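Next, two complexes with chain A in common: one pairs it with chain B, the other with chain C.
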Partner chain A sequence: MNATTHTAPRSERAGRPADTPRGPARARRRRFDWRTWGAFALLTAPMLIGLGVFKYIAIGWSFLLSLSDAQGTIALGDWVGLDNYRQLLGDAVFRNSLSKILLFTLFIVPITFAASLGLALLVNRIRRGRAVLRTAFLIPAAVSYVAASLVWKMSLFSGMPAGIANMLGGWFGMEAVPWLQAGDPPLYWIALVTLRLWLQVGFYMVLFLAGLQAIPKEVYEAAALDGATGLRLLRRITLPMLRNTSVAVLMLMFIAAFQAFDEFYNLFGGGMSGSGTAPVKTPLMYLHDTAMGAQNYGLGSAGSFVLTALIVGVTLIQGRITGFGKSEE
Partner chain B sequence: MSGQRAQLSRRGFLGGSLLFVAGTAIGCTSSPTGGSSSGAKTTLNVWSHAYGEAGTQQALTRYAAEFTKANPDIAVKVTWVPGDYTAKLNASLLTDAAPDVFEHGDFTQGLARRGQVAALDAEYGSVKDDFNQTGRDGVTVDGKLYGVKMIDDVMMLYYRKSVLAKAGIAPPTTFDALVAAAKALTTKKTKGLFVGNDGVGEMPALSLLSNGGELVADGKIGFAAPQAVEAVSALKRFHDDKSLLLGFTTDWWDPSAFVQGVAPIQWSGLWAMPAIEKALGDDFGILPWPAFKAGGTPVVRVGGWTSCVNAKGKNVDAAKKFVKWLWIDQTKLQQDWSESYGFHVPPRKSVAATAAKLSKGTAKEAVELAAKYGRINPNTWDSASGTPFVAAASKIVTGQGDAAALLADAAKQAQLAVDKQLS
Partner chain C sequence: MTTVREGARTLRRPVRGLLAGVLMVVFLAPFYLMLRNALMDTQTLTSPEWTWWPSTMHWENFTDLFDDPTLDMGRSLANSLLIAAITAPVSTLLASAAGFALARIPVPGRGVILGLVLATLMIPGAATFVPTFVVVGSLGGVNTLWGIIVPGLFNPFAVLLFRNFYLQFPREIEEAGRLDGLGWLGLYRRIALPSSGAMLASLGALAFIDSWNAFLWPLVIGQDPSSWTAQIALSSFLTAQTINLPGLFAGAVVTITPLVVMFLVAQRHIVEGIAHSGLKG
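Our next item is the complex of A and B:
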């Protein structure tokens, strides 16, 4: 009912003169509404059905799978309650993967954030060649994780003396080291972090640039009249005005970090022993091994729900802090 | 006027979209591969992992064509799967597009117990006894045969005769000698030994077996036993000496590191021997993984691929027919598959006896080593039990934690997996 009273005036305003008699208009209105709803249903149905079938049914099914013993099948029926969750949380490897990914996130998100914001500020300031620089920084975002991982693994951080990192080290008298293998110190983090930065910073930089360009010039002019310059301008004007962009970027970064898989899988994989010997295993790698390797789809589904809960939790906390607090970061 | 035009264009838009959808649907239903097999009633979908040796894909396609010639009502579509074959296979087996026939490396009981593969006893018939013992044991679950071993893959150590001779080192026949040789052969540009880019490879299992241990026996995980702890801990010596080649561009199953002289000793497979012979002539020899200490035994690993029939597929009978035709009846093709590309040992005794290229030189030595020291992974050993083991071993060899405790924890996980498989 609410909808009909809301849409009616609009349709009248659009097509009909305002002084139409009330009675017939009602009748016409009801007929028209039916057609609007029909069109609405027709136009949104493909998308809604698609979402339903490919997302929500799949998610629901996966949840039911997580409560059943599903080995080598995705048929439901063998209910085991919360056994899968119990086994999962009892597995030191999974718990360890969760704590590793938390650490990774705490490390990579601030660095990526600072680097992309810094680059955006720099690129935004220069007068000449801005487009060229922007493109140069954005291009890596178009490279696939797999391709980049292979370049990092076989060329930059190869264990051979001819690997680029080892060659550079060699000029300074360092001996060749295996970058990607387990060891002390854990050098593989250098490869992991640089790879992710190279791939992601450009993309977030563009988001920040868009945010920067949306800040009205007048605000800066007013601040300049008040005598604000340099760092003060940045802290009092630019960063607060960028808050919406920052919150969105931060959220994307958190989610991307928690879902890290591609570069870990490709940098450490490739051995016949699967990813068993990988020095760091992310939750998604663990789930890939469990579901695709050992065909334990029940356990795999349970793991994906634990991970989802973690991501949702972190996003909510982040939203609360950045959304309500008086943050100027 | 304007309202009417808007309505018209909306209708036009809808009509256009419907036409587009209909067109796409028609376009997609006419399968691009359908035309090739005129007259065939069923099309078998056969999956193979991407073998590295040149000519293998063409060979398999050729066998399939010959099968269709002999059975005109069954067409065969060979799918060559690069990359992570097991993951792709496992995912595909859940769907309608699942292969009817697929090969599996290191057959595991779980496949049969979960009802994913069909029993093939009838297809074997009297030929059963012609398959070697390990070939039959590997696919036997509760007395039934669930697959046909296509090839035995023998894995052992390759060494460069000239490099070892120049350094005055005898081919190592004990574990201590291997550690010492790897150390002595490590220079600024080369490393002594290549077992895999992760520095672990198959070493943990080899070391354990060479010390009289077992991965799993009678449903009980054995890799936390004292001799296993001793054998796995000792592998740390390679890492302490920094004598292992790590982070090479290809992994241990490819002979590039060995052929290019980056590592004078490498663990690899018999399949790589033609490539090594071509590059190095006779400047190489082979060795089993040496006995861990007095009282232990040298080990050669025997793996290989098994042809299986998808029990849940739509064409089980045709699939069985194909497997029987190719891997049981066609001895000529089996021989071609075993020795025309990479070298593999035919699991059928009669075929192995006539394999000309395997009956001379170093290849013959490898076959003999396999017969003497060859070990297959028990079919209760799968990735769910193997992953905790190599993960623990990886920590142990790089000195992160106590070996006994790590292996005991891993054994608990692996035992859960084995129990679940057998239940």
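Our next item is the complex of A and C:
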């Protein structure tokens, strides 16, 4: 009973457009169509308002702050021109943070790139236990930088003889060393690089695996008929076919590395008060000290913009060189 | 010729298996260390004598963690759970709604609006925490949970992914819905949304992970312990003066467990989500 009353108007409705032409509706749309506009506005409004407030207004306001003397206040008005930018670029601590992050990026990006590609090739070739293997490599991506820093600082690279690195070294007759505290040689780079590698490599491996699975089997079969094997197959077919993935992965890695903060803060950090004694400060740590510690929002804003400009600039150049976005054609 | 190659191949297979096994052990070792250290007493843990596994399990390290008067671990875990449980569905739904409208609803000026949305993709999130702090601070969001949540709800990249997804949506289904008398909102709610389950699940899972593991923004905006997330609590524990080593590792185990379980249960969605986000541009 209920079912029949429910379906009856439905079939009627479905039949309607056959006898009523859609002409009027179409004409109405060409004029101002309130219902279409209303639906569009309703569906996009939350996103547009959110992006408007937290991206556009935020960036605009902060840009004006970067031209103001804004210490302990986020009010505008005390214009100082480019003084904040001058002070920022004149600050040896900031310049040092830029050169350190560049060094870090130069290490971490190629290493993570090679490792994630290697793991993807390995996992892709293995037939039995592939799912287990993929899970094992991906699961570190579930761990936060804080938790990983904790293990790296307190267990793996703890300066105590009971630290894993020191214990392994001890088996080969090496002395226990303070991995994170020693500045010369700067052994802390080993901890920093291995930590990020462990956390991120699975994520990028998944991207490469997706790229590998998109390569048509026939391409390999054709190449095999031509007698290509092993390394030549890799160089002539696999790597060129992974070009788009590789470019995207490199960009993601670069953007992430340049904004490194969490592991530096937690490996070297001296508590919530800031990063006073850290042997390496990243640009974001500098910004955190400036804006949150010293509450100099003018200088902090200037720093945000310089850093953003660097990241966007490098990304654009990289995109231009590699022809990213056009390669689909 | 062929036999030589075949021989090399059969030889190579066990080598690959061995390599995979060794790497697997290396990748899982930090998890083992975390658990082992969390269950030990301080003395065994700091002894240079290596112990593979504690002879008696010190489960009280976990209960002590929640009884610590200087560190409200229970509350910060609840905060993290609440933040991630709101962020993941809301941010994904907002992106899907905007993505649908931008893909399907023909209004003049749509291209400009799409451009304005996509332009924000260029803005690096972490590096612009100062501008975000200025706005959220002026709105009174310091030390509040909404101050942590709201700026993370608007993900232009997810909008792009959903838009691409809805662009490929078959026109016949849309027409059929229209014949049933559905307007644009009805088409979205009754037809588009129910068929985006896989996208919603994978992007929602990634949003949950990002939210749970976020560090810089909660550190900046939630200075008061009442608004600490699990990551901030763990970090303050790690950098505190008095160090309770087994307790620290117990804290790490507690904070990573929800996501590890999620990775094991929803791995398919997570892998799909990651693969989607690699198709950027």
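The definition used in the following text is that the second predicted complex is superposed on the first by the 286 of 329 C-alpha atoms of A that agree within 3 Å, B and C clash if a C-alpha of one lies under 4 Å from a C-alpha of the other, contacts with A are read in each partner's own complex, and residues count from 1 in each chain.
Going forward, a residue touches a chain if its C-beta (ideal position, glycine included) is under 8 Å from a C-beta of that chain, and two chains touch if they have at least 3 such contacts.
Note that the coordinates shown come from a computational prediction; the quantities given were computed from them, not determined experimentally.
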| item | value |
| --- | --- |
| Touched partner set for A:36, first chain B, second chain C, both or neither | second |
| Partner chain in contact with A:296 - chain B first, chain C second, else both or neither | first |
| Contacts of A:91 with chain B and chain C, given as first, second, both or neither | first |
| More chain A residues in contact [chain B versus chain C] | C |
| Which of chain B and chain C A:312 touches, first, second, both or neither | second |
| Touched partner set for A:179, first chain B, second chain C, both or neither | first |
| Those residues of chain A which chain B touches in one complex and chain C touches in the other | 14, 39, 42, 74, 153-154, 160-161, 269-272, 288, 292 |
| Residue ranges of chain C touching chain A (in the complex, touch as defined) | 5, 16-17, 19-20, 23-24, 27-28, 30-31, 33-34, 37, 45-48, 50, 94-95, 97-98, 100-102, 105-107, 110, 113, 116-117, 120, 122-138, 150-151, 153-154, 156, 159, 179-181, 183-185, 188, 209, 212-213, 215-216, 219-220, 223, 231, 234-236, 238-241, 245, 248-249, 251-252, 255-256, 259-260, 262-264, 267, 270-271, 274-275, 278-281 |
| Chain A - residues contacting chain C, complex | 10, 13-14, 16-17, 35-37, 39-40, 42-44, 46-48, 50-51, 53-59, 61-62, 65, 74, 119, 122-123, 125-126, 129, 132-151, 153-156, 160-162, 164, 167, 170, 198, 202-203, 206-207, 209-211, 229, 245, 248-249, 251-252, 255, 258-259, 261-262, 265-266, 269-272, 283-284, 287-288, 291-292, 297, 300-301, 303-304, 307-308, 311-312, 315, 324-325 |
| Chain B - residues contacting chain A, complex | 3, 10, 14, 84, 86-87, 90-91, 93-94, 110-111, 114-116, 188-189, 196-202, 239, 245-249, 251-253, 262, 382-384, 386-391, 393-395, 398-400, 409, 413, 416-417, 420 |
| Residue ranges of chain A in contact with chain B within the complex | 14-15, 39, 42, 71-74, 87, 91-93, 153-154, 157-161, 163, 175, 178-184, 268-279, 288-289, 292-296 |
